[in-house]
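These are the structures in question, set out in turn.
Look for chain A in each of the two complexes below; its partner is chain B in the first and chain C in the second.
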Partner chain A sequence: MTIFWFSLKRSFSNTTNLIFLTLFPVGAIFLPMGEVWPFLPYGYQFFGIIVLFVGIRLATIILEDRAKGVVKRLAVAPVTHFQYLTQNLLAFSIILILQSIIVIYGGVLYGHELYHPEWLLVLFISFSFTSLAVALAWISLYRSKETSFLVYMSVIFLIVFLGGLLMPIEAFPDILQRIAVIFPTYWLSEGIVWIVFGNDISEFLLINGVLWLYTIIFLVIGSVRRIN
Partner chain B sequence: MKTGLDANFFINGWRFLNIILLIHLWIIGDSNAGNFILILLLLLLASLRWRLSLPAWSVLFDLFFCLLYIPYTNISHYGLALPLFELVLKGKWLYSVLLFLSSIILLSSSDFIFWHLLQAMLFGAFSYFTLKNQHVQLERLDALRKSEYELERLKTDLLKANQSTSQQARLLERNRISRQLHDHLGHDLTGASLAIQAYEHMEDQQKAEQLLEEVKKRIQRSTIHLRETVHNMSSTVMTGAERMEEIINDFHQFDTSFKKYGDTFSVPAYIWSLLESCLKECLTNTARHSNATKTDIDLQVTDALVRLSIQDNGTKQNKKTQFEGSGLRSLQLRTRALDGSLSISNEDGFLVVCVIPLQEGVDRD
Partner chain C sequence: MMIASMQGVVKRYGSNIVLDYVDLAIDEGEIIGLLGPNGAGKTTLIQTLTGMIPFEKGQVTLFGDVKAPFSNKNKEKIGLVTQEITIFEELTAKENLQFFAGVYGLKGEEKKNSVQEALEFVGLSDRANKMPKKFSGGMKRRLNIACALTHRPRFIIMDEPTVGIDPQSRNYILEAVKKLREEGTTILYTTHYMEEVQAIASRVVIMDQGQIIKEGTVDELIKTIQHEEKVKIDVTDAGQIPLNKLESVTGVKQVNVDGNQIMIISEANSGNLDRILSLIKAHAGVLGIQADKPNLEDVFLTLTGKQLRDKVGEE
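So, the complex of A and B:
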C-alpha cells in the first residue's frame, strides 16, 4: 500500500490542492439557503461542482506521473499498472468520501435542513466516484497537466449548466432538457430533487445505479495505460 | 517503424458511432430517462470490448439488454446491430444470420432498421476479414524478420569463419615457405658450406679445385631455387595499401587524395578486404548521391588499430536518403564482427570513419 499512502500525502502537498480539498468543502457548509430554488442550501446544490474540480485536481497527479516518466519506470518495477491505478484511485476516493462526510455532518451540525442527510451522503459519494472516473477518462486524452485542467474547467461549466445544477432544468428548452439526461450532473440534480421530494426508494437507487454505471464506463475508458 | 491506423481503430470507431446513433435516436425519440440506461449498458459493453478481448458469448449480455427493453423503446431494435456486429466479427456466421432473420421477422421492424442491421453485418464481415488478413500479414512479417535476424547471424558467423580461415591460410603458407626453403635451399647451402670447410683442409690441388667447382654449382643452384621460390610466392594481384591506391586511382569523378601512415604490412588480409569494401562503398556513394568535388582518404596503422577515414566536401541534399541503404549498414555489421566500429557523420561534408583493432600475436607475427 506504499503507493496509496504516498498518493494520500502528495494530494495535500501543494497549496492549491489544500484549498480545493479543505477550504472549499468547509466553505460550502456556510452558504445560505435559496428562496425558491435550489431546494437545498447553495453549498449542497453546488457541492457537485466542487467534487468535479477536486476529481480533476486529484486525477492530474496521475497525468503528472505520466509526464515525469513514473509510469514508464513502473513498467519495469515489481508493481502492476492495475495496482498503481487502484491504489491511487483508492486514495483519491477516500479523500472525496471524507469531504462528503464533512460537508453532510457539518451541515447537520450547522442546522441546515438536509431532509435525508444519510441519502444525500450516499448520493454525494456515488457522484464523487463518477467525478473521479470522468476525470480519469479525461486525463487519458491529454499529455499536458495544464491543458487538461483548463479545458476541463470549461467542460465542467458546460456539464454543470446543462445538467441542471446551476439552474432548474425546467427552465431549459425542450431539446436541452432531453440532452441534459446524457450528463452525470443531471442524475446528481435529480438525486437532490429526490432527497427533498422523493419517497420511492427505487427511484433513488436507480439514480445511484446510473451514476455507478457512468463510473464503471469511464473507469474502463480511463484505465488505459498511456506512456509518454 | 511507423505503421498506419490499426483495423481495431475503425472497429471501435464503429461501435462508439453506433452508441452515438442510439443517443441521437433517443434524443429525437421518446427521451425517457429510464430507456437511456439501455444506451449506458451498451456503452459499457462497447468500452469493455475496446479495452479487453471479450469472448463471443458476451454478446448474450447485449442481446439480453436489448430484448429487455424491446417492450419499452424502439431504440433496442437499433441496439441489436451491436451484438449482430460482434457475432460476425467473431466469425459466428450461423448465429449472426439467425439473429438477423429473427430480428427482421419477429420484431416487425421498419425498413430503416433492416438496412441498419444489414450494414452492421457487412461492416462486421469486412472487419472480420480485415483482422484475419492483418493477422496473416503480421505472421508473415514476423517470419520475415526472424529470417532476417538469422541471415545477419549467419553473416556474422561467416565473417568470423573468414577471419579464422585467413589465419589458417597464413600459417599454412608459412609452413609451405619453410618447407620449400628447407628442401631446396637448405640442402644445397649446407652441402656448399661443408665443401668449403673440406676445401680448407684439402692438400691435393686437383681435388680441391673439383670441390670448389662443386661449391660454385651448389651456390648457383641455390640462387636459382631462391629466385624461383620468391617468384612463386609473389602475388600476381595487388593487395593491401597498393590495392587501395589502385581503387582510388580508378575514380575520376572527383579529386581524391590518399595518405597512409604506419606499417601497412602488419594489417591482415581479412581486414584489407573490409577496408577495400568500405572505400569502394564510400566512393560510390559520393559519386552517386553527393555533390562533393573532393574526397580525402586517410589510412593510419598503429600497433593497436587501423583507422580509415573518408571525408568529402559535399553539402546536405536529402536528409532522408543519407543514411539509408544496406551498403553502409552491412559494413557496420561487418566492422562490428571484427570488434571495430564504423561511424558516419554528415555535419561537415560526409565523413565515414572505420576503426578496427589489430589482434596482437595472432596475425601480426
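So, the complex of A and C:
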C-alpha cells in the first residue's frame, strides 16, 4: 500500500491543495441559507463546486506522475498499472468521503436544517466519485497540469452554471433545461431538491444511479494506461 | 551468465519501424554503452527490453522470463534510471527513496538501511530531509539514480543519466557507476557523451535507424575504422633529417614537414615507430611525440555519418 500512503501524503503537500481540501469545505459550512433558493444553505451548493475542484486537484497527481515519467518507472517495478491506479483512487476517495462527512455533519452541528443528512452524505459521496472520475478522464487528455487545470476551470464554470448549481434550472430557457440533464451537476441539484422535498426513494436511487453511471464511464476512459 | 537478451525484435509505430530485427545479449557484470543518434531506437529498445511496451516480432528474455509481463520476482532485479527526472518534488529526498523502496516491497529495517545506503551512495545523506525542489540539477539527477538503487537491483538501465548537469555531478555519477560495476552490477547505459562510454563501458553497442550496426569493446570498434596511424614528432632541426630514408621505412605511406614538426602517416598496426625514432635521433633531437589515434567519436561518425553531441535531447 505504499502508493496509497504516499498518495495521501502528496495530496496535502501543497498550499493550494490544502486550501481546497480543508479551508474551502469548512468555510462552506458557515454560509447562510438563501431566502427563496437554494433549498439548502448556500454552502451545500458551493460544496458541489468545491468537490469538482478537489477532484481535478487530486487527479492532477496522476497527471504529474505521467508527465514526469514516474508511471514509466513504475511500469518496470513489481506493481501493475491497475494497482497504481486503484491505490491512488482509494486515497483520493477517502479524502473526498471525509470531506463530505465533515461538511454535512459539521453543518448539522452548526445548526443547519439538512432534512436527511445521511441521504445528503450518500448524494455527495456519489457526486464526489463522479467528480473524481470526470477529472481522471480529463487529465488523460493532457500532459501539462497547468493547462489541464486552467481549461478545466472553464469547464467547471460551464457545467456548474448549466447544471443548476448557481441558479435554479427553471430560470433557463427550455432548450438549456433539456441540455442540463447531461451534466453531473444537474443530478446533484436534483438530488438536493429530493433531499428537501422528495419522498420516493426510487427517484433518489435514479439520481445516484446516473451519477454512478457517469463515474463508471469516465473511470474506464481515464484508466487507460499511458506511458508516453 | 546471460541475464537479458533480444532476438530478432521488431517494433513498429504505425508504418515506422523503430526496432528492426534487433539482437542483443547482455551478460552479468557487463556495462554496455548504448550509443545512437536521436531516433535511433535506444529508448524503444529499453522499453521493449523491460517489458514496458509490446513488440511485433522476436523474443525478449529477462532473467529467464521469456515474455512480458515479467514476473515480479524478476522485476525486482531491475532498476530503471529514466531520462526524465522522475522524483517527487513535494516529498523529501528520503521520502522519495522510501516510496520506491516500498514499491519494490522493502519493509522495516531493510527499507531503512537501503534508503540510507542509497542516499550515501549518491552523496545526498546530508540532504535527506530536504525537498528536491531546492536541489541543483546535478543533485536531482543523483536522487533520480538513487531511486533506482534502493532495492539493490542486479541489472540497472540508465537512460541518459547525465543530461544537462555540471561536470562535477557528472564525475560523481560516473564514479558511482564504476562503483556499481565493481560490485558486479550489470548496467545498460545510454548517453550522448562519448567520453562517458569510453570511461565506463566494457562493451559498446551502436544503434542507428532501429538497427544495431556495430558492437564490441572500444578498442575493437576503433580497430574496425583504423586503416592508418598518424604520428607527429617535434624535432630540434627538421632540415637535418633525410626524409627519403623515413619514407622507405616499412609501412610508412607519407611524410610531411611543417617547421620543426614531422608528420608521418603509416599503415595501421605497422609497428614502425621504433625504427622511425632511431632514424630521426641519428640526425636531430626529439622534443615530443604525438600519436593521433581515432576515438569512439570517429567510429560513431564513420558508422552513422551523424554527429552525436549536438543532438542532445529526447529521443
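FYI, the second predicted complex is superposed on the first by the 228 of 228 C-alpha atoms of A that agree within 3 Å, B and C clash if a C-alpha of one lies under 4 Å from a C-alpha of the other, contacts with A are read in each partner's own complex, and residues count from 1 in each chain.
Rule of thumb we're sticking to: a residue touches a chain if its C-beta (ideal position, glycine included) is under 8 Å from a C-beta of that chain, and two chains touch if they have at least 3 such contacts.
Just so you know, these numbers come straight off a predicted model, no measurement behind them.
With chain A as the common reference, chain B cannot sit beside chain C without a clash. Within the superposed three-chain model, A:68 lies in touch with chain C and out of touch with chain B [touch as defined at top]. In the superposed pair of complexes, A:224 makes contact with chain B only, with no contact to chain C. In the superposition on chain A, A:2 contacts chain C only, with no contact to chain B. Contacts of A:129 after superposition on the shared chain: neither chain B nor chain C is touched.
In the superposition on chain A, A:77 makes contact with chain C only, not with chain B.
By the document's definition of touching, neither partner reaches A:44: not chain B, not chain C. In the superposed model, A:53 lies in contact with neither chain B nor chain C. In the superposition on chain A, contact of A:178 is made with chain B only, not with chain C.
After superposition on chain A, the stretch of chain C whose C-alpha atoms clash with chain B is 222-230, while the remaining options among 60-68, 222-230, 240-248 or 276-284 stay clear. On chain A, the surface touched by chain B in one complex and the surface touched by chain C in the other have no residue in common.
Of all the residues in chain B, the ones that touch chain A in their complex are 23, 27, 31, 33-34, 36-37, 40-41, 43-44, 47-48, 50-51. The part of chain A that touches chain B in the complex is made up of residues 175, 177-179, 181-182, 190, 206, 209-210, 213-214, 216-217, 220-221, 223-224.
Contact residues on chain A toward chain C in their complex (touch as defined above): 2-3, 5-6, 9-10, 13-14, 68-70, 72-80, 227. Taken in their complex, chain C has these residues touching chain A: 47, 50-53, 69, 72-73, 75-76, 78, 80, 82-88, 90-91, 95, 99-100, 102-105, 147-148, 157.
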